[in-house]
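Look for chain A in each of the two complexes below; its partner is chain B in the first and chain C in the second.
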Partner chain A sequence: MGNSKLYKGSLNTIILKLLSEHDKMYGYEITQKVKALTKGEFNITEGALYPALHKLEAEGLLDVEVAKVDNRLRKYYKLTETGTKETVNKLSELADYIKTMQSLVNPKLA
Partner chain B sequence: MKVTKDQIQQLYAFTQKHYVEWYDVQTELVDHLANGIEDMWQKNPELSFEKALQIEFKKFGVTGFSDVVEQKTNALNKHYRKMVWKYFIAFFKLPKVVMTLFLIWVFHFVLVGLEDKFWFLLVVCLTLMFFPFRYIYKQGKIIKRRQKQTGKKWLFESTMVQLGGLMYVLNIGIYISIVFEIGEKLSNTKLVFLSAFLICFGLCLYVSICIVAPKLKQEMLKQYPNYQII
Partner chain C sequence: MGALNKEQIQFINNYLDNSNVIYADIRTEMVDHVASEIEEIINNGDERNFYYIFKDYMIENKSKLLQNNKKFLKTADKKIRKALFKNLFSPAGLVTIAVFFAVLYLAFQYYSLETFKDLLFAVPLVIFLIFGLVYWIALRRYKLERFSAVERISLPLVFIFHFFVFLNNTFFGGTAEESKMLYIILTISIILSVMVALFRVTIQLAKGYQKRFKNLTVL
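Here is the complex of A and B:
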């Protein structure tokens, strides 16, 4: 958790990637999924998740659907067509970034 | 163990107490808090609802829900402005650009033909001023009526009334001195510029109020079936 600042810059990419693997997801589900996948190493804070989701929605990358679940309303997010294309771009950018960092911190592996 | 219907209402009241007055924002936060509380109950069924709620709320940090509300407002304003730009720019592409140029030409033709331009420009400016004021007044009444009927306030409606923040730019009063200054001079280039400016200003108002606002309402209705267009 101490290095969560390093993950923050990739929050949008993480959200887009998760949504590309699921039909639709809601906020809490995203936080729990990230926690499980990283074995608790990265906790998305609520204060960072929702602003990121709302920004991606405003940019037209996410579509929203509200459904009644149990006794309350739940807001689901899913990728739009533009969002699907952007996910590919963002993942490629992230892969390049990781490669560059690898060559800087561990030249032998690069 | 699941959060009950009454507890859901308590969660709505809790968000309201923490300065989230918008139903569309409250709904997402209520579901998040309820999920967190239910997860805690799985591990510790003895935990009280109030205690679990406090633990879950602390996860939002020292600023509470204010960051979420602020960012949501910014995102909605941005979305609104993006939509305005998309529809506005269409008036400068074929086939609509023909109509735009024609309107500018007609306006310029009338302006050049008039000896006393002051009264004409005054009527045009007052019309451009009246149009958004009438819209704000009507929307304000609708919002109040809806709140009275349903007890709900919607952030997206507040965004609509302020035209996504464009209200401060689309106020002809800011430019009125420049309009009259240019209008009184006889330079043709300046009159062409003035005609183009006023037509574009009118188009931008038209797009914001008559195209984007109804589209946003439709989007909201699609997302929240319990939102009723009055």
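Here is the complex of A and C:
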């Protein structure tokens, strides 16, 4: 895995972005999706993922649905209306951040 | 290989319960996560017995899982504080404070200062103890699951109650004088209103959990 500290600051945005592309997702599914998309470069630990999910839920950006799957209960997360709007803002902030970093680190590409 | 069977899921559930993950809302999610990880390991070709795989997984990941539990409780407390303040400072909450104040002020006209003061400080404590006792009996009698936010909801009340008692003892010396009575009545009105607000929030949270976890007993 690369520098996890650099990714950590964007964890909420990553979660919101993934949920905006799926109707609903559960914790383990999110970790696997991120792992697959980044080809194993970014591995979200449960110690980071679930607190982030619970915080987003407490802020009203995510809604929760519980379903019985494979002999156990599974907690699914999905975006609320506020969450959908916040995703757009967060992605725009992240794009600006990437652009700024690009101009600092590699001005030719900016 | 398909999913883990009921006994294996129950084993994970019991293990986490014994590891101090006592609240069902967080444990449910952890059980699913651990089960999914173990299923993945088995699907990737590990042919060992479930219990060996589980043991190895826990040696590597237990601390991270328990760290998640601690953070979850912090978020639950924050959620309660937010709901409590929202409820207390809503129009209904402010009317509740005013009604308690008016009733206590009227009652004050009929009792001696000392009796009234003792009574005022005893009432919230007695109600709080009864509330706690009923909750404790209900949990055992009906074998109810424990939910984090519902159970931790009385914490703010304990802090508020002790804060006011501390203020009273520090600044008002403990002797009863008429000039202090308005302060004491206001204090008790706020404490009783906080209790009403906590009761409203408890019902709201319990209903939410009931709706969300209606299948919990099948685990």
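Rule of thumb we're sticking to: the second predicted complex is superposed on the first by the 109 of 110 C-alpha atoms of A that agree within 3 Å, B and C clash if a C-alpha of one lies under 4 Å from a C-alpha of the other, contacts with A are read in each partner's own complex, and residues count from 1 in each chain.
Basically, a contact is a pair of C-beta atoms (placed from the backbone, for glycine too) under 8 Å apart; a residue touches a chain by one contact, two chains touch by 3 or more.
All values derive from a computational prediction rather than experimental measurement.
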item	value
Fit or clash between chain C and chain B when superposed on chain A	clash
First (chain B), second (chain C), both or neither touched by A:Lys8	neither
Touched partner set for A:Lys24, first chain B, second chain C, both or neither	neither
Touched partner set for A:Lys35, first chain B, second chain C, both or neither	neither
First, second, both or neither for A:Ala58, with chain B first and chain C second	both
Partner chain(s) touched by A:Lys78 [first = chain B, second = chain C, both, neither]	neither
Set intersection of chain A contacts, chain C complex versus chain B complex	26-28, 45-47, 50-51, 54-55, 58, 64-66, 69-75
Touching residues on chain C, where the partner in the complex is chain A	2-6, 9, 28-33, 35-37, 39, 61, 64-65, 67-68, 71-72, 75-76, 78-79, 82, 212-213, 215-216, 218-219
Contacting residues of chain A [partner chain C, same complex]	26-28, 45-47, 50-51, 54-55, 58, 64-66, 68-75
Contact footprint of chain A on chain B as seen in their complex	2-5, 8, 27-32, 34-36, 39, 59-61, 63, 67-68, 71-72, 75-76, 78-79, 82, 223-226
Chain B partner contacts - residues on chain A that touch it in the complex	26-29, 32, 45-47, 50-51, 54-55, 57-60, 64-66, 69-75
